[in-house]
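Same chain, two partners: subunit A is paired with subunit B first, then with subunit C.
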Partner chain A sequence: MIQDILVTGLVNGGVYALLAVGFSLIFGVARIVNIAHTAFYMLAAYCFYMLLVKVGLGFALSGVIAVAAVTLLSVACYWLVIEPVREHEAAVLIATIALALVFQELMLFAFGGHYLGIPSTLDGVASVAGVSIPYQRLLILVVAALMLVATWALLYRTRLGLAIRATANDIEVASLMGMNVNRVAMATVAISVALAAIAGVVVAPVFVVDPFMWLSPLVTMLAIVVLGGLGSLKGSLIGALIIGYVEAITVFALPAGAFLKGAVALSIMVVVLLVRPEGLYGVAFEEER
Partner chain B sequence: MLRSFLIAAALAAASAAHAQGTVKIAILGPMAFVQGENHWAGAEMARDEINKAGGVAVGGKKMQIELIRGDTNEIQSVPDATNATERVITRDKADFLIGGFRSEAVLAMQEIAMDHKKIFLGAGAADARLGENVEKNYDRYKYWFRVTPTKSPDLFRSLMAVLNSIGDQIRQTLKKEQPKVALVAEKTVWTEPILKGLQATLPKMKMEVVGTWQPSALATDVTAELSAIERAEADIVFTLLSGPVGISLGRQMGERNMKAVAFGINVEGQKDEFWAATAGKGNYVATLDTYAEVEITPKTIPFVRAFKERYKKSPTYNAATYDAIMVLRAAMEQAGTTDADKLVPVLEKMEHVGTGATASWDKRHDLIWAVGRTAGIGVQWQDGKKVPFWPPQVKGMQPFKMPSR
Partner chain C sequence: MYLLRRGWAELKNEVFVLPSRTAVLAWAIALLALPYAYGDSYVLRIVTITCLYAIFAASWDLLAGYTGQVNFGHALFFGAGAYTSALISLKLGITPWITVWIGALVATAFGVVVGFLCLRLRGSYLSLATLAFPLIALGLLFAFPDFSGGELGVSGLSRLATTVTANYYVALIAMLGAVFALWLIADSKFGLVLHAIRDDEVAARASGINTPRYKLAVFAISAFAAGLSGALLAHYFRVAGPSTLETALSFQVVIWGIFGGVATIYGPVAAVFILYPLTEWLGSFKAFGELRLLIFALIVLLVLLFMPRGLSPWVRDRIETACPRCKQRNRAWRSACRLCGAPLENRGQTTISETPRSP
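After this line comes the complex of A and B, so read on.
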């Protein structure tokens, strides 16, 4: 049973890490409370489904077009919805909830409530310590690792990354230093949505595509980013693995309570908020700086 | 001027319809989802067939069937379902109600229908309490009848009958005296009595229960559960799943090349879209079902073929709204009225040969269970096709297959 927990927790943690990296960037680093983040993930999954299954473009081309299209859409949404209310966090929160619901209803209107399946990019199954793992899940682990490294490099090895961190740290000082804070925020939204779209393309084949698929990851992502610490990519990775392992332990130790795994993740988030509000690797909240 | 003309035209049309006489039947279901689509499609087929033949003969007058589309959205929201029920009764003036899917919602919808003394023919929910209400308070709940499926204890009897036959096949092919069964049931109200029954009954059937896993009905990932089930070396994964988790389970079992076979209730597995939704990985998944091209009744095969021709897919059990409307027609023609209080005793005594079952009702207004009449059929996904395999005595059944070991 221990090897099952170790392997299952790692693989599921990898899936969460891929989803969390973009959310960590937008919510944790840039401090833009974009609730529509996972709705973009859902849109990318639908876009990928249409191009791959209905149009028959092939995995690579469908994936690239889906990511590019959703990223462009996010830029438009930034200008239309987020930028006008950027100064008011609560307004951004409400506006992006509305945006997510609009996307959900549009997909419900276009595709109905049908559950759609996307073929795996990689077929087959590997056996690790006697535990079966489909290749698609191993691919997710690899892509998650690459995206984490790429995001870290972007933030700490490029001028744009410096600008994103500076803007997140103190928007007024960044503006006084001559940075175009709106353009930096737009770039942050675009990059984080591109990461969500990549997650949609890579993760959707192991899940089911439906108009409500954005809700469950949103809650898990919030838990991971809060647990790992706002602003810390390393924290997001560790948070994703912890949630992956906690869920695996819940299922293995309490099979009849498997439905509680989401609730357990949320309970961890609440406990972390009470005991260590800055999370495992995060900096203190803005007011406390 | 134009407005006056339009109002006059509308009034003229309304009075013409009234003079001709219509029976208004509200079809209640989650219309954006497959269940509601099938509710509506089955009802449309019945309406068109009846109206084409001149309508329903009620007391010497031919009345046309008019359908009202009541989108309950009950998969997402129970309040939406009660609002829709209230609306079709009070605003749309429905004479009869047919449909419902999610037990939690239908229990609430039943209350509203009974408040208004409207006959409500259930075509989706299995919870036994819907029928128990009739027994406990007949005067209030007598307007409720269940057309499909059978109540959950009877679903349990059907499941046990099929499971027994699968167990025998496993004993023969694997030379295993006591097959191991993993129970996977979503955490919802309809699964609870079945689960309790399974845990008590399976040991008596010489089957070992290796564990019970209860994921959320909306879970999209059951890899942890399947890892544990593989580790327990289960031969059968017994499913009680109505949500998308049924697709995740089918697909992920296929991806892992699991040697266990899944059988039980998998509502998603009843749909034609299941194979595509599992990306072709749902082989060997078996479920209790209602419709296939087999002779459950003489009407089954013609109905399934006509449905496929019209809607380009197979009907799910919710399409038994067709049978519900035919039951109502027979009752109205026999009683010569649309009055609910006069129709109830007629329905109670009726035996109706429908497309999915040969229906008659007990004192709870639940279907009387019998194999080959109302117990349903067993179907299994085999290489992209949904193949019927149980009950074996029905003409057209094919062998049940096991994954190769």
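After this line comes the complex of A and C, so read on.
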């Protein structure tokens, strides 16, 4: 059981980290609370399903096309819906909720509400120190780790990353220094949604695909981001691992744990917030005006 | 006779001078007269549900719009009211006329607890943390299905009244009373403090306002109204199920609130009265039945692109202007202010915080 907890926690934590880092990034740069973030994850899973099962492309090709298509869609949504109401925070908020509902209903209309299964990308089981891990879960772990390293490299080793970090730090000064803040925001949207889409593509064979699959990771992701500190990437990563392990322990060790896993994870978030209102790695509130 | 004349004068001087107040009065009278004018039971049923949701939306507005505590878990209070009232009336056999109030009081207790936990949080942290509370409650409900009924919820409740029309009047009077009470609270000195807390909490505290106490109070009031609406709706549907705690309901109330215009009380009510019957009406078409949520979301998106501050501030800016000197509101087609006589020229660009003050 200990091994199960270790592996499940790590794999789920990896997926949550992909989602939470993207969400955190977009909040930090553009101050958008993107409720539709996991809806893009759902869209990527559907896109992957359609290309793989209906069209019959290979795994790698359908994965890449799905991620690219969803990323393009997110940029289009940003220009059409979010950009015109950027000054009104409340409007941005319900615009993203409405977008998520639109995607959910479109998928419900196109594919129906039943669960869709996707064949595993890699069959077989690896056995590490007596624990058997399906290759698919290993793949999730590897992809998550690679993507997190790539994001880190992008943010800290490129000019675009410098611009993104500068904009997150102080949007007005970044604008004064000649950065095109709107274009930086758009690039951030693309990066963050691409991370969510990659998560959607790799987990689709493990979880079932249905139009409501965005709701439960949404809540977990928000809990992680708040737990780690809004806008802090390190916090999101550590928060994702904490929540991943807490959920795994609840499911394996408690009776009726599957029902309680969300409740326990969220309670931990509430406890952390009571002790540290700004989250684990958030910047303490300066008394903002 | 004196009272009649006094009442007529009040009406003429306070209500008919502003088109928005006249519209509200006309709307209330129309709702009261609806069963006599058009007693179709389907229509009455829709309007009954709309009324109860309107209380819910207005209670969210007091908390989120006025005080700035943008609550993403408002369904917690709704569900607390619904489940408490349902369980007490079913297990102890008490009449729903009493249990709805107990439900509302339990919701108030939940409100104080949530408010206490969230006192130190602000902005997006508060929104995202409050999202968690109804889900924790939902997890507990599913973990103890013997007590809560699990997926199916608590069913077999009795209604407050027997006939369709009587139920309609119960809901309508509850709605008019609750919304008017919330509006009075929001428009009083207490409401002014709430505006201050939203705009600048530090400055409010520096002015000697005990902001934590005010925030707890507003959480309690808002939760009371939300719990009342949840309990009434549970008795109307005759079931209190897990859908009363779902994230979808919390998001729904956020959409109603922002669509109608925050910090107005009547805005979210108007939004419910427009959006809820609209979705039901769309659902009555076979072709649209599956698409109604999609159309709902698209309408919300389109309206927002044109009126980013919400529906009711947009409409009010078209029919009324604020006097540049005394800030009193006037009909848009008057040439001079009705109180101080200052000339009115351009359309007033008002912000949310400049809601009309009335005696």
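Simple rule for what comes next: the second predicted complex is superposed on the first by the 273 of 289 C-alpha atoms of A that agree within 3 Å, B and C clash if a C-alpha of one lies under 4 Å from a C-alpha of the other, contacts with A are read in each partner's own complex, and residues count from 1 in each chain.
Note that a contact is a pair of C-beta atoms (placed from the backbone, for glycine too) under 8 Å apart; a residue touches a chain by one contact, two chains touch by 3 or more.
Computed from a predicted model, the values in this text were never measured in an experiment.
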Task = Could you look at A:108 and tell me whether it touches subunit B, subunit C, both or neither (first, second, both, neither)?
result = both
Task = Answer with first, second, both or neither: which of subunit B and subunit C does A:219 touch in the superposed model?
result = second
Ask   = If you stack the two complexes on chain A, which partner ends up touching A:266: first (subunit B), second (subunit C), both, or neither?
value = second
Request  = Once the structures are superposed on A, label A:132 by its partner contacts, choosing first (subunit B), second (subunit C), both or neither.
outcome  = first
Request  = Answer with first, second, both or neither: which of subunit B and subunit C does A:58 touch in the superposed model?
outcome  = neither
Key: Intersection of the subunit A residues that touch subunit B with those that touch subunit C   = 108, 256, 259, 261-262
Ask   = If you look only at subunit C, which of its residues touch subunit A in the complex?
value = 70, 117, 120-122, 124-125, 127-129, 131-133, 135-136, 138-140, 142-143, 200, 202, 247-248, 251, 254-255, 258-259, 262, 290-291, 293-294, 296-298, 300-301, 304-305, 308-310
Request  = Over in the complex, which subunit A residues touch subunit B? Could you list them?
outcome  = 1, 4, 7-8, 11-12, 15, 53, 108, 112-120, 125, 131-132, 134, 136-137, 205-208, 210, 212-213, 216, 247-248, 251-252, 255-259, 261-262
Note = As the complex stands, subunit B meets subunit A at residues 30, 32-34, 37, 75-76, 186-187, 211-216, 218-221, 223-225, 227-228, 230-231, 244, 247-248, 251-252, 255-258, 268, 273, 276-280
Message = If we count contacts the way the header does, which residues on subunit A are in touch with subunit C in the complex?
response = 27, 33, 35, 81, 84-85, 87-88, 90-91, 93-95, 97-99, 101-102, 104-106, 108-109, 215, 218-219, 222-223, 225-226, 230, 256, 259-264, 266-267, 269-270, 273-274, 277-279, 285, 287, 289
